[in-house]
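Here chain A shows up in two complexes: once beside chain B, once beside chain C.
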Partner chain A sequence: MQENNILEVSGLTTEFHTLSGTVRAVNNVSFSLRKGETLGIVGESGCGKSVTALSIMRLLDRRFGHAYGEYIRFQDQDLLTLSDKQIQNVRGNEIAMIFQEPMTALNPVFSIGNQIGEALEKHLGLRGREKKQRCIELLRSVNIPRPEKIVTEYPHQLSGGMRQRVMIAMALSCHPCLLIADEPTTALDVTIQAQILELLQRIIREQAMSVMFITHDLGVIAEMADRVIVMYAGRIMEVVPVRELFAAPAHPYTIGLLHSRPSLVAKGHKLTCIPGMVPSLLDMPPGCPFADRCPRAEADCRSSLPELREIAPGHAVRCFHA
Partner chain B sequence: MFQYVVKRLLILIPVFFGITIIIFTLIHIMPGDPYSTMMDPGLSAADKEQMLEAIGYYDPLPVQYVRWLSRAFAGDLGYSTHYLQPVTTVIGEKLGNTLLLSVSVLILSVLLAVPLGVISAVRQYSALDYFATILAFIGISIPSFFLALGVLKIFAFDLGWFPISGLRTIGANYTGLRALLDLAHHAVLPILVLTVIQMASLMRYTRSSMLEAIQMDYTRTARAKGLSEHTVIYKHALRNSMISVTTLITISLGNLLSGAVLTETVFGWPGMGTLMYQAIGNRDYSLVTACALLLTVFILLSNLLADILYAVVDPRIRYQ
Partner chain C sequence: MDDIILEVNGLSKNFPIRKGIFSRTVGYVRAVSDVSFSMRRGEIFGLVGESGCGKSTTGRTILNLLTPSAGSVVFNGHELFNVERKRRIDPTEMRGLRKEMQIIFQDPYASLDPRMNVGAIISEGMVKHGMYRRAEALERAKELLELCEMPAASIHKYPHEFSGGQRQRIGIARALALEPSFIVGDEPIAALDVSVQAQVLMLLQDLIAKLSLTTLFISHDLGVVRYFCDRIGVMYLGSFVEMADSEALFARPAHPYTQALLSSMPKNTPDEQKQKIILEGDVPSPANPPSGCRFHTRCRCRQEICSQQTPLLREIEPGHCVACHLA
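Here is the complex of A and B:
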């Protein structure tokens, strides 16, 4: 493991067993995350970004799916080979996760304090008054007003934005060194989105955390990420520093994504979109998964899958013709 | 919470009067008069009319209703024309027998079905799950009288482990502990049959509500916190699935009194089910209305209990 990396994923593949066959939601994905870096993962729904995160946390439902690969190195352990007990000590402690839906991610029948306190008790051994005090401090640190009162309240008494703050407080409770944020603002109003992003930025800066930030919103990526991975149909298509993503995108899919954003400048034009459909995960073409929708596709794209190749320092792309 | 309970209580009052009016009216618009069997067949038609007049049979229905209800509140539920005894005495005897069965069945089926349903969900598609599922389908699909007959044939007739029917050994005149053991011995088979049937649906219900809770987002959040699988399942998922299971159990309390006509009949168990069935056949009006009144009150109270327990387990209800 390279010294300045906190996470190295190699050859991660995640499969789900469905009635119509085995589906590969994440296909041979390798990447690394540097200490203190915010790595954005973008792609459309179903491209495998959330499944990648759940695979790293080993949170997949075992009855339906499983992840395998060469390794997922985190600090000096391989997350793929940890026992259930060992991975439980990592989760919520060294790696924390924030989910997309604050409305359903909190348990409706336990108080906020109870739910935050669980992690404090499990990983830090806090109990009683000390635990409650720490919960209140955490709520205050995510700008929740009247934390002494909120700590005894239940999720249904809070708004969506407040609940997401609670989720963030919960994730931060044990000072994780890696935070996985899975579309943390997607379900929120635009104004609340901005507040939550600001809060996350402040916390990431203050605690010098490494972050995996999953989103399909390129605006959010521009705001948050240092480096970006673009995923499509379970594969990494491009790895690019955030500046270059917008200045010099290389993969035709990335270019398509950037062109399909609504723009305030060019009013009155129809939104461009990428023609065609994502291929079914059940029936993947042998070549590049994007070939059928790609303006630059040639015969070679349909017969073989291009490798991820470096075209500039820190900028790699999976395309023959980029 | 207090406000919530008071509100629930107040709602019960109009519901109670509504139901009693319906029961009373329905029974009184049935054709035929219930007293003819009580009177001397040699009596002249004019004398009969006079006697009916005297007991208020021709009074307007509302007057009769008020009279009946105020007497009922005073504890007088009328006189059974068939048993020639006060209705309260007749019911009292049978009610005890039915409660003995139904309370044991309720306790047993909850104690067995809820844990079995939970384990079935946690170990979905395991051998135990399949076993419990098959058992549940047997319990749901076999008619109670058939199961009762089968159980009687095997355990009472072929093996001779249990008595065929009745409450106690006739002619033995046991007292004290012996009498109690004798009663228990007679109760085993009916309890067994009713428990199997009760358990089946409760177990399936627990299983599905647990399965639902296990795949909710908050269960994933609990895992993401690093909690042990035990805490995730038995704290986060179980507590949520118990909201609906508690409601189901409490509402089913209402059935405790009505008895199980078929099972009681097969086992010759003198309970409320048989009593009500016969009372209707005998045109024993006071008895029928009294039974219906008793059931109404009991069902209303168990619904109230369900509402209260619902608020206890679910903060979303409590804080409305």
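Here is the complex of A and C:
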């Protein structure tokens, strides 16, 4: 493991067993996350970005799917080989996760204090008044008004933005060194999204955290990420520093995504869009998964899968013709 | 003026809050209050605002799908209702007008009946309104599907066989089946992926031009509205705070809420310099809205007058109206 990396994933593949067959939701994905870096993972629904996160956290239900690969190195451990007990010590403690839908991620029958306190008790051994005090501090640190009151309230009494703040407080409770944020602002309105993004930026800066930030929104990527992975149909299509993503995108899919944003097109000009749709994971074409929708596709794209190759320092693309 | 197709005047909609075993009404959620605007034929008018600001309720009340609490709507010379004068359009006449005004819903999963095939979904309205016989209606359904860039053979399939984008195309075909002159698009692309959003948006744009439709486009996505609409009304807690041509609104937003809303949009590129106005707190409950200007609790420019008097929408430049004492 390289010294300045906090996470290295190699050859991660995640399969789900469905009635219609085995689906490969994440296909041979390798990447690394540097210390203190915010790595954005962007793609559309079903591209495997959330499943990648769940696989790293080992949160997949074994009855339906399993993840395998060479290794997932985090600090000095290989997360793939840890026992359930060992991974529980990592989860919520050293790696924390923020989910998309705070209403479903929080338990409706426990109070806010109870839910934040659970991790404090388990990982830090805090009890009683000390635990409650720490909960209140955490809530205050994510700008929740009246934290002494909120600690005793239940998730349904809070608004969406407040619930997401509670989720963030929970994630921060044990000072994790790696934070995985899975579409943390997708369910929120723009003004609340702006509040939450600002809060996350402040926390990431203050605690020098490494972050994996999953989103479908390129605008959020522009705000948050240092480096970006673009995923499509379970594979990494492009790895690129954030400035270069917007200035010189190389993969036709990335270019298509960037051009599909109406906020960048002047009124009266035509939007461009990517024709067609994502191939079914059950019926993947042998070549490049994007070939059928790609304006640059040629015969070689349909017969064999391009390798991820470096075209500039730190900029890799899975395309023959980029 | 005769090119005005829709006139909305003082429209309000309250939903009663009921409690107890006798369902006593203990209060009202003021979802929409005193909304007035008009639309020219062929215009695309955007209603934007955050969740709960009353934009969908406005759309549905205009279509007479919800019973209004106050105000009037005149569509194409027909008065649909006028609550103050206790007038409501006669149901048979309304049925005739339904053909003229159609809606595209947000959720393409919930708005198509899973037990009907696509042919039946699209042709149901045409048969009911006596426009075509069943067999002809199915032929017409095929044409409509092709118009919406779907294979004609889809009429034999069921909604679950399609992706979100395809279902939304079916929803659009259904809305167009009755050859309406006015459509309400209630967040028609909100549930779709970015690349599919662009596809459906382009399709809508083509169809609106081809069929010269007047469109009320409801959306929370400012980028989409800026690109798509001619004129925009910004709503906050049930009322308009600002209304202007799309370019004027984005170039010179006058209401503090609009300014905050526009500045909250994520940056387009990492290098864009953007001064964000971060609003404090959440939207107050519409069951108990603040006095005076409804935005004053979160406004960075508030003064004493703001909590006492409700500002009226007034014109600050031609076609640009703002409801703010200070603008």
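Here, the second predicted complex is superposed on the first by the 317 of 322 C-alpha atoms of A that agree within 3 Å, B and C clash if a C-alpha of one lies under 4 Å from a C-alpha of the other, contacts with A are read in each partner's own complex, and residues count from 1 in each chain.
The definition used in the following text is that contacts are C-beta pairs under 8 Å (C-beta built on N, C-alpha and C of every residue); 3 or more make two chains touch, one makes a residue touch a chain.
Predicted model, so just to flag it, every value in this text is computed and none were measured.
Taking chain B and chain C in turn and counting the residues of chain A each one touches, the greater count comes from C. When the two complexes are overlaid on their common chain A, residue A:Ile203 makes contact with neither chain B nor chain C. After overlaying the two complexes on the shared chain, residue contacts for A:Ile274 are found with chain C alone; chain B is out of touch.
When the two structures are aligned on the shared chain, A:Asp189 is found in touch with chain C, with no touch to chain B. When both complexes are overlaid on chain A, the residue A:Val220 reaches chain C alone and has no touch with chain B.
In the superposition on chain A, A:Ala119 contacts chain B only, with no contact to chain C.
Of the two partner chains, chain B is the only one that A:His156 touches; chain C does not reach it.
Remark: chain B residues 124-125, 215-218, 220-229, 231, 236, 239-240, 243, 313-316, 319 touch chain A in the complex. By the touch criterion given at the top, residues 50-51, 163, 165, 193-199, 201-202, 205, 220, 222-224, 226-228, 246-247, 260-261, 263-272, 276, 278-279, 281-282 of chain C touch chain A in their complex.
Those residues of chain A that touch chain C in the shared complex are 44-45, 145, 159, 161-162, 189-195, 197-198, 216-220, 222-223, 242-243, 246-247, 256-257, 259-265, 267, 270-275, 277. Across the complex, chain A meets chain B through its residues 57, 59, 61, 63, 84-85, 88-93, 96-97, 99, 101, 104-111, 118-119, 122-123, 154, 156-157, 167, 170.
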